[in-house]
Structures are given as C-alpha cells and as structure tokens.
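So, here come the structures, one by one.
Two complexes follow with chain A in common, the first pairing it with chain B and the second with chain C.
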Partner chain A sequence: MLSLLLLIPFGGALLLALWPGNPAQGRMRTITLVVLGLQLAWSLVVLARFDPGNSAMQLQESLGWVGSLGLDYRLGIDGLSLPLVLINGALTLVSAICTRDIDKRPRFYFALLMVISGAVNGAFLAENLLLFFLFYELELIPLWALISIWGGTNRAYAATKFLIFTAVSGMLILGAFLGLALFTGNADFSLAPITSEQLSMGSQLLLLGALLIGFGIKIPLFPFHNWLPDAHTQASTPVSVLLAGVLLKLGTYGLLRFCLGLFPEAWVQLAPALAIWAAISVLFGSLAAIAQKDMKRMVAYSSVGHMGYILLASAAATPVAMLGAVFQMVSHGLISALLFLLVGIVYRKTGTRDLAVLHGLLNPERGLPFTGSLMILGVMASAGMPGMAGFISEFLVFRGSISAFPLATLLSMVGSGLTAVYFLLLVNRAFFGRLAVTAITDPVVHGRLDVNLAAVAPRETIPAMALAIGVVVIGLLPAGLGRLSETAATAMVQLPALTAALHGVALPSGGLG
Partner chain B sequence: MPIISADLVHAGGMPSAGELQSKLLAGATLLAETADHLIEVVDVLKSYGEVLDAYSTNLIFQAEQQFLLPFPLFKYLDGERSPAKIWRHLNHDRINFEYAEYCMKAMLWHGTGGLDAYLDSEAFAAGCAAIIRRKTRRDPLLALLHPLFPGFLIELIRTAATTHALGQFWRVMSDLFLDLARAETSRHVTSIEAVVEFIKDGLVAAAANPISYGVEVAGEHLWVLPPEAGLTFLGDVAVPYVEAVFLRGLPFLGTVSFNAQAQQISPDQAQFAYGALYADPLPTMGAGIPPSLLMQDMYRHLPERLHAWYLERTRGDGDVRVKICMSFQKAMFCVTNAAIQGTFPGPLSSKDPAEQAANRAYAAAWAARLAVARTDCLA
Partner chain C sequence: MTLIGAYAVVAPTITSLQLNAGAIAPEMAVLIALLACLVVDLAGEGVASRWVPPICYAGLLSALVLLALQWDAPLEPSFLGSFLADNLAVAFRAVVAGSTLLSLLISWRYVESSGTPVGEYAAILLAATLGAMFLCGSTDLISIFISLETLSVSSYLLSGYMKRDARSAEAALKYLLVGSAAAAVFLYGASLLYGLTGGGTGLDAVALALKTSETPVTALALVFVLATVAFKIAAVPFHQWTPDVYEGSPTPVVAFLSVGSKAAGFALALRLLVGCFDSFETQWKLLFTVLAILSMTLGNVVALAQTSMKRMLAYSSIGQAGFVMIGLVCGTEDGFSAMVLYMAAYLFMNLGAFACIILFSLRTGSDRISDYAGLYQKDPLITLGLSLCLLSLGGIPPMLGFFGKIYLFFAGWADHQYLLVVVGLITSVVSIYYYISVIKMMVVKEPQEASDAVKSYPDITWSVAGMPSLRTALVACVLITAVGGVLSNPLFNWASATVAGTPMLQRAIASALPVALG
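Right after this comes the complex of A and B.
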C-alpha cells in the first residue's frame, strides 16, 4: 500500500522519460498533474486506512534488499509522517499546477518534480536508517538541477551552495548512522531507540551532535541557514514552493524521528542548549527578515525563524509541544508555500520583488487586489493570528514549551511578534499606498508613477486560494490533524528515559482532544 | 515609503506653463488632435451628459420637493416611492447622486462668484426670514430648532439654493453634451478643435440665462433666488462651479496622505488644487469626493463605441473606471479650454496692445494653474 506512494511518482517520472517522440509541454504537464493527482489521492486512501489511536508504525511493508549491509526496504507510517506525506502530495501537485511556460527541457523538469516527490515520500516512510538516507540524498540532485537549470540569473552560485551545504548535511547524517552501527555493533539500521542506550553518553552526544548539525543544515537553523535565502531567491516559484513547503520538513522530520527518537538520553542532556539555539534561530531569522528588501528573501528568512519553533518544541518534548511541532510543520508548509506562490505572482506581473520599488499593489483596478488580499491572509497566518493555522501551531509550541524552557519560549514569542513586524512592513510597502512600481527618490515625480500591470487571471490564483483555504480550515478546525498526530506525539515523548530524566514524573497528556 | 504623499502624485510640468499659455493665446486646443481623443472626449461627454441629466433632475427635485425636510429619506428617489424603485436603490442599481451633492458642497464651501455673494446678502436674509416664518408656523420641529440655532435653517436654505443652481447649470451642460454627441454622429463635429468650439458656443449662448429659484411653502410661492437678484448662468454659477469642482476641489484622505501641518494642504483656499483636473485617476480608496462614484455612473451609460475602445486597452473592463477617468479629464480640459476661450478679456486677433497684454495676463494666470494639473493626458 505505502509502496504505491513511491511507485506512482517514480513510475510517472519513468513514463515521462520514456514517452515516445517529443510531446508538447502541455501534454507533459497534464501527465505530471495526473500522476501527482493520483499520488495525492492515494495519500488520502492511506489517510482513510490509518488508525489515529495507534501510536505504532502502521501499514508496514518490508522486503529484504541488501541484508548484509543492513539496508532493508521497510516502510511504515505513523502520526508524524502521515501529515507530511499529505503535505508532500498536495504541494508537489500545487507546484506542478503553477508551473507554466518552461522555456527549456520541460520533460526533464516534470520528471524531476516527480522524482523529488517520490524521494520525499520515501524518506518520510522509511523505517530503515539507510533507506531514509538513500531517499534523503535522492532528492538532492533533482533539486540542484531544478535550481541550476531553471533558476534566476545567479542560479549556478545558489545551486552549488545548496549542493555543498546539503551534501555536508548528508555526510554528517550518514556518518552518524554508521557510527551508531559501529558503536553498538548492531548493523540492522532499524528505527530502534533502545540500541543507543548501550552507548556511553559521550558517544551518544557525538552522534547526536552530527545528526543535529546535519538536520540543522537542512531545516535550516542559524548559523547553517546561509544556503536557503540564495536558493529561494534563485529558484523559480514552483521550486520555492517545494523547497519551503516540503523539503525543509525533511530536516525537522529527521530532528524528531532520528535525533529525539534514537538518542532520547542525550537529547535530554542537550535540551536546554537546544532551546536556546531555537530562540536564537527564531530571533535571528526574524531580525534578518526585517532587514530584507527582496520579498522572497524576506519570506525565506521567515522560514529560518519559524523552523526554530520546531526545535524549541522538540527540545521541550512535552506531548503538547510535540503536537505543536507537527502542526508547525504542516502550517509552515502551507503558509510558506502560499507566500512563495504569491511572491511569484507579484514578480511575474511586476518584474521585481524589490520592496523599495513596489507600492500600492492592492489597488482595486490596476493592481493585484486578490493576490494582495491572499498575501494579507498569508502573513496574518504566519504571524499567528487566531483563526488560522499559524496560531494553532505557535500556541501549541509555546504552551507546550513554556514550563520546560520559559526564557527560550518567551524569546521565541518575541520572534513571533517580529513576524508581524516584517510581514506588515512587506504588506505596507508593497501593497498599501498609491500604485507604483518605481523607486521614489525624486521629490516630484510628475505623474510618472502610472504603470500598466497585466491582470492576474483567476486560474493563476487557484493554487494559492486552495492553500489559503487549507490554512483557514486547519486554523478553525484543528481537531482533525490533532487527532491524527496526537497519539504519535505523545508516544514520542513517552520514551522512558526521556520522560523520567526531563520531568521526573509522568506528564499529563495534552493536546486538542 | 508605504504611503505616497500628495506632492508626489501631483502631475504637471509636461507641457510647461509657457507652452500652455502659447496654445491658449494662439487659440489652439490644449488636447492633442487625434482620432482616439475625439472618440474618448465625445463619447465620455455623451455618457456624462446622460449622468448630468439624472443629477440635474434629482438636484432640482431635492431643492424643490425636499426643501427643509428634517429627514429627507427619499431624496434620491425623485418622488417615485414604488417598492421596485426602493429595492433598486437599496440594491445600488442606481446613479450615485451623492457625487452631485459632494459637488454642491464643494461649491458652497469654496463660495466664489455672484451666487455666493448673494447668499450672504441682506436681500437673501430677508427672503429666508419670510420662508422660515411661514415654514415654522406649520412645522413644530423647525419651530423648535430655529430659536435654538438661528443660523441652521438659513444654512440649509443656502444649501438648497446652491443645490438648485447646480441643477440648473447641469441641465444646460447635459443638453450641450448630448447635442455634441449628436453633432459628432452627424459629422458636424469631426475634430477636437470643433469640439472645443461647439462647447464654447454653447456656453456663450447660455451665458446670460437667468438663474432663479423659488419654493412653495404652505401654498405660497416664495423666492429664494429671485429674478431681481440678476444671477446668470455663466458668471454666477458656471465660473464658481469650474473654480470649485474642476480646480480647487477638496483634499480627501485615502492611500495618498496629506499632511496639513507640513503645509501640504494650503491654508489659502484659493490655492487648493484637488479638483477634477488634478484628480489621480487611480482610485485612492479615500473619503471625500471619490471620483470613482462619477466614473461608476458614467460606466452605466457608456456608449458602445467607447466601451469597445476600452475593451481593447489595458485590462478591458477590469480597469474601465480608471480609463473613464482619464478620458473624462481629457474632456474636462476641452471644456476648460472652451471656457477660457469664451472668457478672454479681448479678441485673440486684437491688435490693441492693451487688449493683447490683458489676454496674455489672462492666459498666463490659467496656464500657471493648469501646468500642475494632470496635463500628462493632453499628449
């Protein structure tokens, strides 16, 4: 059953690669949309068959592969990975929908999209460390190609930077997995936290440190974030949607599944430092976003800040915080994808993302009023306005973390306030005021502000509208997602060593009920 | 800078005041002579004429039938209180009569010309006293209000007088603009120059029309603006209207910010430059006189030819109000052009040095004011 989530996208990519002749771009896009639509539909079938009350891995599938190396094909899904599989299905489809007019090699482009989607599904479903690593690395090259072939003018620099950072991330993760096998003498690479208990604390901290840096690069957390703004700035809109919405989640998923899941004892030791690291990342991301003049860089830095919440929640490791982390992964996926889509529309229509140049885009007649309205909704959600997904996730993260790490939580809450600051700056500069796409330095511009922007066709905003509806629905009806992930979130923190060491007593279960 | 301040969106400077003065003295049109301009000006004036017809009817109805009514709930219904008309009104399937009232208030507030002088005269005060005396005899609310606020009813009568005068002015202008459209259809008008000439002739022909206004109070006819006051169409209503609505206007807060403390709004009312000739065609989403109300009304009456012309440009119907406003400004420059030509102190062909100097000074004064208007539409 789960294998189909891999077979559909990989099969689609193969089908596209082998499609005879030279099909038109429209046909390739249609094939991709059908394949990704099937993938999303199958993800929903998995959702229907999923038992939310069961914290164990479900719908498991396994197949001996290279047993001597410990590389087994073993898939399973739980309340942590299911929301991410769904987000992957939805956002890959969105990024294919909003892909228009690929000027070169469309067959390669659409095939890469499907490969990435399949690899991400594989990483979320893998129950074997090496299998996870394989899929984790598998999405790297396609994404590099997507940036370096279809990116902006400085794409080679950004793509190479992304490749180097992520390759280092991959090496550290592989090193940690191999180290775990080496130190424990157990080379089956299965997801079993018990194996790390045989290790000395020093070894655990060493391996956990390697994993933290590895996933910290991918998430990314300060100071390993450097590749992200460049990658986003140079990537095309659909690739940015994928990058922010799905691929960064590989890092946070790894953080929860492998760092916390494999090394609970060492995690407890490092938790206070991780909480401070989270607060620093949140504040740095927010302050850096305030300083940006490029809309896309601003949204990219906001990701750095918002990913910090997940580190904070996982450091606190209370059931409510863990549920908050899952919510934050989903809501950040939707909100950042929405914001990148909207920035993409603004860029396509105005030719710029410069906040010193854009003014008054909300103008009802000649501006981009609907895009602007969705942007306001998106930034409100990102800033944690009640009624939208961002509020639920941030509230859960803060509520779940404040008792464990009050200072770090309070600092992170300041970061949440700063989100409102930089996003209101963005909205105020680009969307309010008199419509113009001009740097206003001349004291009297003599009516030269007038600009004719092409109208945004309704079909161009359909993907953004769908994401906006998702953001509001999760914000108003969070119980569904809560039920899906609550058991897994609770189970994750009930690892005996972790709970005992962190809190001394058993925690009351929390969540949305 | 999120909000663009007023001085940044003021157009002007192209063409220069000197060029404008030369054109005025040469008798040339301010608006460039092109086929597109002819379509825009004639058709937008045709729709404006139809809208002015409705405005005029309503203003005269308000001044005559809703006179000193404390709660004029049905003032926009022109006396027809059928459920269908009320529903259309509530459903906003109607003309924005509010725009006409804004224009009236602008005239009342700026208060220039003979009409305003008469509204402050003793003869007017005596007329008001007679009306109020008769009205308060039968209306207990007004009888109570008048002693408490002695200036209130007089100000309401001034408002009614201005409302009626504007209604009379627009009656003439509406007919003139609809006649212009007919003349263009019958090929009697084929150029911008002919349009300006046509409007000038119409204004000159109506210049001496008397402006008067009387009301029925308890079966007795009483004059508010009696014929003896000698108020006429051009000097006492048309010129103040142009001054208040075309030129001065009222600043309105919207996405364009005005900082009165920074003297962005002149303390001298005569220096105001927020009228129709200066308006930013982009809706600024503010209060006050939103030109978009008028554009909306003109859109309802847009001739098919101009509508098709708009559909081929920029966003088609999506930004049609902006395009109507741009065409409207071109048309208003033609009307202003005609008014200036019709009011030169001396003939432009005059060889008399004194008349020439007076004409030059007159043209220079107009050119200075127009040079900072939205003249970018003239090319």
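Right after this comes the complex of A and C.
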C-alpha cells in the first residue's frame, strides 16, 4: 500500500529514462504528469484508508533487508507524515506542471523530479532510522543536479554550497543515529522513543545536539541558513517550489520525529534554549528579508523566519503547539510554493526580480494584474491574515507556546509582524504605483515608463490559483487537517510529558482550548 | 634435540600433517594458465592475441570455481602448516582473482594499442595474481615472504610495462626502490621473529613466542612488520609511492594494484596482526588508528587538488584504505565482516571507474579531469558508468559503496572507535566533493563548454578487438555497483560467513569479548 508511493515515482523515473527513441519534451512532460498524478491519487487513497483516531503508525509494511546492519524496509504513516506526503504529492505535481519550455535535457530533468518525489515520500514514511537516512541522502544528488544544470548564472556555486551543507547535515544525522542505536545496544534502528532513556543525560544531549544541527541545516535555521538564499536564487522556479515546499519539510519532520520523538528527556532540558534559538531565527529571517532587493531572496529569507515557528512550537511541545507545527509545515509549503511560482511568473515576463527596478505591475492594462492579485493574497497569507492558512498555523503555534515560553513567543510574534513589513515593501514597490520595469535612478532610460508586458496566459496561473485556493480553504476550514493530525500531535507530546512526570521536571502545560 | 623438542611443542601434529596440496588447486589453475600463456606467446603475436584471452579467462574462472568449492571445507593446514585455506583466504583470493579477471578484460585493447606483447603482459599479471593469492593464505613467514616478493616483482614489471613511456619507467623505478626497501624491512622483522621463536617460522609458533617473550625486540619486530603491511595497503605515511606509480603505470595495471594487491595486503595484515601479534593488540591498534586517521584525512584532502584522473583515484584509494582500516582496528565480528564486504564492494566500484577512464583514454588519449567536460553528450555510457561508480565510492545511496561504508562506520561505532568514525564521516563529505566535481564535469557542463577532447570525440565503435570485453567488464561492474546495494543482503551474509569460517578471526573475537563486556 505505502510502497506504491515509492514505486510509482521511482518506476516513473525508470520508465522515462528507458523510454525508447527521443520523444518530444511535451510527451515527457505528459508522462511525468501522469505518473505524479497517479502518485497524488494514491496519496489520497492512503488518506481515505487512514484512521485519524489512531495515534499509532498505520498501514505498516515491513520486509527484512540487511539484517546484520539493522536496516529493515519498514514503512508506516501517521498524522504527522500523512499531511507531508500529501503536500509532497501536490507540490511535485505543481512543479512539473509549471515546468514549461526548459531549454535542455527534459528527460533527465523530469526523471530527477520523480526520483526526488519518491525519495521524499520514502523519508516521510520510513520507520527505520537508517532507512530514513538512506532516503534523506538519496534526494541530495538529484536536487544538486537540478540546481546545477537548470539553474541561473551562478548555479555551480549555489549547487555546490547546497551539496556541502546537506552532506554535512547527513553525516551529523548518521552519526547521531549510529550513536543512539549502539549506545543503547538496540541495533535494529527502530523508531522506539524509550531507548534513549537508557542513556546518560550527557550523551543524550550530545546526540540530540548533533541531530539538531543536522536538521537545523536542512530546515534551515539561523546560523545554518547560509545555503538557502543562494540555492533559491539560482534554482529555476519549479525547483524552488520543490525546495521550499517539500525538501525543507524533511528538516522539520526530522526535528519532530527524531529530535523530539527520540530524545524526549533531553528535549525537555533543552527546550528553553531551543525556544530562544527559534525566536532568534525568526527575527533574523525577517530582518534579513527586509534588507533584500531580490524578490526571490526575500521569499527565501522569509522561509528562514517561518521555519523558526516550527522550532518554537516543538520546543513548547504542547498539543496545540504541535498541531500548529503540522499546520505551519503544510501552510508554509503551500504559501512559499505560491510565492515562488508568482515570482517566477514576474521574472519570466519582466526579466528581473529586482525590487529597485520593478514598479506598478498591478497595472490592469499592460501589467500583470492577476498575478499581482494572487501575490497580494499570498503575501497576506504569509503574514498571517485571518481567513488564510498562515493565520491558523501561526495562531496555533503562538497559542500553544505562549504559556511555556512567553518571551520567545512574543519575539516570534514581532517577527510575524515584520513579515507584514517586508511583504508590504515588496508589494508596494513592485506592484503598486506607475508601471515601470527600468531603474528610476538610471539617467539614460529614465522616464521610459510605457512598458507593455505580455499577457499571462491562464494556463500559467492555474497552478498558482490551485495553491491559492488551497491556502484559503485550509484557512477557512482547518478542521479537516486538524482532525487528521490532532491525535498524532497529542501522542507526540505525551512522551515528554510522560518522562517529565516520571522525573519530576515541571513541564510547560497547555490545553486544547 | 632441544630445538626439535621445542618445535614439537609448538606444532605437536607435525608428523601427522599432510601435504594437502588440494588447498592450492585455485593457484594451480592460475599457474597452468600462466604457463599456457607463455607457451602460446612463443607462437607469435597473432596467435597470442587470439589465444591468450581465453586461456586467462579459463584459468581465472576455474580458479574461482575451485575457490567456491573450498568454501566452508574442513580446515586442514597444508604444506606442513605454511598454507591455510580458511574462509578468509578463500574470500580474499576470490577478490584477487576477480580483480585480475576484470583487469584483464579491460586491458586487452589498451595493451594492444600500446604495441606491447599481450602474452607477456598476461603472464606477468597472472604471476602477480599468483603471488597475491598465495599471500592471502600463507601462514608461515617464509611463504609470506616468497609470495609477497612474487607479487611485488611482478608489480614492478607491470608498472614499467609501457617501456616507451618515460613516466612508466619512472613509476617502475620508484616502485622498485621503495618496494625493495619495504621487503628488506619485512625480512629484518621476520628475522627477529625467527630468533624469538628459536627457529620456527610458522605464524602459530610466532604467536606463541610473542605471548611468552618479554624482550623489547618484539616491539621492534611489530614496527617492522607493520611498516611492510602499511606499505602494501598504501597507508599514510607509507603512501608516497602510490600517486607516482599510479600516474605512470598502465591504467589496467593500476586497476589491479589498487584492488588485488591491496586486498592481499589486507589479508596479510589480518594474518600477521590479528593472528600473530594479538598479545600486542593495544599497541598495533593504536598505531593503526593513527594510520587510518592519517590515510583518511590526507588521502581525501589531497585528492581535492588533483587534475589528473588517475592521480585523483590514487589519493582516493589511500582514503578508501583508511576506511577499511576502521574495520581492522575494531577487531570485532562486524569489523572483520565490514572489511571483507567493503573490499568486495571496492572491487566492483573501483574497477568500474577504471574501466570507464580506460575507455575514455582509449578514445581521447587524455587523463585530465577537465577533459571530461560535457561528456554526457558524446558518450552516455562512460558518463553513467563513471558517475555511478564515483557516487558509490563517495558512499551515496543506494549504491553498493553506501552499504559498505555504513557497515564500517556501524562496526566502528559499536566498538567505541568514535574518533575514527567521526574522522570517517567528515572525510566522506570531503570525498563527495571531489567525486562530484568529476560528475559535474561530465554531466553539468553543456556542449558549448565541452573540452577539446570531447568536442573531437571519435564515433563510438565496439567492433575493434578487445573492446567487447572492456564493455562487458564495464557494464558488469557498473551493474553490480548500482544494483548490488539494494540486493546486498547475500553479500552481507557472505561477509559474516567469511569471518565465521576463519578460526583465527574467531579466536581474536573471542579474546576481545571479555574486554568489551568488562
């Protein structure tokens, strides 16, 4: 059942690689769309079979693989991984849809896209630590290739930076997993949270620290965020969508599943520091975003800020905050994908993403009115306007964390306010005012304001429309997703609560109200 | 009289020992092939190039079949205790024979295009194989030395085989000088051991003498023996010969040296250090920890700066040997099996990479990394094969090398070798960087950025003599590297069966256990 979520994309990639002859790009895109559509459809079937009331791993599958290494092929799904699998299915499809007219090597491109999708599914579903690591590393080279072959002018630098950072993160994670399994003598690498309690607090903190840095690079959190803005600016639009929407979630998923899930005791100890770290990351991301002149860089830095909320929520570890973390993962996936898509459209039409150059794109006649409207919607969602997905997740995160860490939560709220600042700057500069695509300060072309931008075909905005609808639907009807993840979120935090009760550590409490 | 008495204590069954010549049947098959090659070579170049390849295949394949028959056979020392066909010997001899087979498959075209006689080349390579195979099973100082020299002398000849190439001659001379020094050092160490046993040369006798002896000479002997082993597996700081020899020697020879010769070196390390110097376990493990850390660091870091493909692979092989040493230092069941497993994985991924660079140099005459730019357009097979093999060497899933490397780290961590594993993890990241930069050259560079070598790339033909076998070897290696990882469970079982079927290793594991528990 779950294996099909891996077999469909991997099989699709193989099929595409072995497709006889030299099919046209359109044909390959169609094949990819069919395969990814199938994958999304199968994710929905999994959703239908999923029992939201059950907090345990469901639809489990297992197969012995390499016994002497403790590496077993074991898959399972719960309320934490299911939304992420759905997001992965949807966003990979979106990024395949918005891939048009790539200039070279379509076969390789689409095959890599499917491999990434399959690897991400595998990482979300893996119930064995080594299996997770395998899929986590598997996604590394295809994404490196996607950036370094189809990226911008400085792509080699950005891709290499991405590769090195992620490889380091992988090694830290592997080291921590080996340490956990072998310190405890439980070398089957299963997802059993109790095992870490046999360790002394010192070694728990050491292993947790390695995991935190490893996943902190992937998420990314300040000060390990350095690779992200470069990777985003150099990557093409579909790859940015994939990177922001899906691949960063591997980091946050790892944070919840492996850091919090496997080291509840040490987590409780570290939680206050983590909350402060989260607040710093949020503030840094927001302030850095204000300073950006490149629209894509700005959106990238906003990701750094918004991923900080997830760390805050998981530090608080109350049921509400955990639910908020899941919501934030989903809504950040949708919103950042939406923003990257729209920035991509602007870039294609105007040839620039420079905020000092773009003006008045909202012009109804010669500008990009529809794209602009969607942008305003996306920006509002990202800033946490009520009625959209961003609001629900931020509200849940802050509501769940404020009793535990008031200071860090308040600082994060300031960061949330700053989101409105930089995105208003973006909208104000690029979309409002008189239409112009040249630098006002440039004396030679000064005054050339009568640009006429090519109209955006409806098919170009369809993926963005779909995402925007998703953002609004989750904002207005959050109950569905909430029901899906509530049990898992509650089950997740029972672990730290339990251990805290056992050891008499005062635990930050919070109710579902 | 006392001498005989002492010897009888050491080897009480001396009179009952059989010759048990069946143990070296695989070597006999190789030897017959070698003699046949020499005879055929007398008949002239045309006959030789027609008949030498099948003779070699027949000899090596029957050696592999005979080795398979020896697997798990009842253990009896042969040749009065100087050779033992335990599973360790069988496994490493299979790796050696396999590496020779693959090296031969990829060398015919190379040798013919360089205009040197095929028959001689095959005969010398088979002689080196013979030495390496004997080395894997030798349990006596004299037979160790003889097989070591058989391997070494043949290797000197091989590395100087391209007589017209000045670099090849330089490589041979360097290898000869350094290798002879290493042999002399080994002989001196062996003579000290001979003195300690009071006249015995069997490794059992040496082990017993080392346990009971109190003199500091034992430490000296350890250092000498260790230096020889480190030379053979090219561990830093005994690695200086490697880059020059690898760069100058004919590429198929380098392929053999980097796998077959190294496998024999590791077998020797196991026999001497684990089997013999177990009373000095702390000392040699400490020394090997240092060697492993140096090898991993220096090999992988210096590889970053290389512009020649062969030199890059030479330094990477130093780093890879460092990884394998983690298993040796562990001395646990997992450690030994991880070693065996990684050597087997290394056989395929490294020879696959060498097959690709030989094919590239046959078509372009170049060995520079920058000349690979834009290759995907012209030669997808080399691009795919070399990419997969390099990713596997870098330990990227789902290749075979990933599983091998994880197993080594797993074993190292289980044995509390934290420093080694951490250095291994960090240097793996470094190694990913330089392997990826080759892949970047081939895959990422666009046709307009292609190198001159690639722009004037010849049409791909496989009809020339020697090319089909090269393709077979390449495809086989790449396929095993790519798919072998996912289907690696039999390989894991084979590696643990190797360790289980080797009494010497079992003793070492058993003696290490109380320490681990306490």
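The rule is simple: the second predicted complex is superposed on the first by the 490 of 513 C-alpha atoms of A that agree within 3 Å, B and C clash if a C-alpha of one lies under 4 Å from a C-alpha of the other, contacts with A are read in each partner's own complex, and residues count from 1 in each chain.
In the analysis below, a contact is a pair of C-beta atoms (placed from the backbone, for glycine too) under 8 Å apart; a residue touches a chain by one contact, two chains touch by 3 or more.
In this text, all values refer to a predicted model and were calculated from it rather than measured experimentally.
Counting only touches as set out at the top, which of chain B and chain C does A:Phe50 meet: first, second, both, neither?
Neither chain B nor chain C is touched by A:Phe50.
Give one of first, second, both or neither to describe whether A:Trp19 is in contact with chain B, with chain C, with both, or with none.
neither
Scan A:Pro364 for contacts with chain B and chain C and give back first, second, both or neither.
first
Just checking: does A:Asn452 make contact with chain B only, chain C only, both, or neither of them? Give me first, second, both or neither.
Once the two structures are laid over each other on A, A:Asn452 reaches chain B alone.
Touching A:Phe395, do we find chain B (first), chain C (second), both, or neither?
A:Phe395 sits against neither chain B nor chain C.
Per the contact definition in the header, classify A:Phe432: touching chain B only (first), chain C only (second), both, or neither.
first
Does chain C touch more residues of chain A than chain B does, or is it the other way round?
Counting residues of chain A touched by each partner, the higher count goes to C.
What is the shared patch of chain A, the residues that chain B and chain C both contact?
On chain A, no residue contacts both chain B in one structure and chain C in the other.
Could you pull out which chain A residues touch chain C in their complex?
Contacts found on chain A: 64-71, 104, 130, 134-135, 137-138, 140-141, 144-145, 148-149, 156, 160, 163-164, 167-168, 171, 174-175, 178-179, 182, 187.
With touch defined as at the start, can you tell me which chain A residues reach chain B in the complex?
It is residues 359-360, 363-366, 428-429, 432-436, 440, 443-447, 449-450, 452, 454-455 of chain A that touch chain B.
Show which residues of chain C lie in contact with chain A when the two form their complex.
334, 337, 391, 396-398, 402-403, 406-407, 409-410, 413-414, 421-422, 425-426, 428-429, 432-433, 436, 440, 443-444, 446, 488-489, 492-493, 496
Please give the residue numbers of chain B that touch chain A in the complex, ascending.
Interface residues on chain B, with respect to chain A: 1-4, 7-14, 255-256, 280, 282-285, 314-315, 318-319, 321-322, 374, 376.
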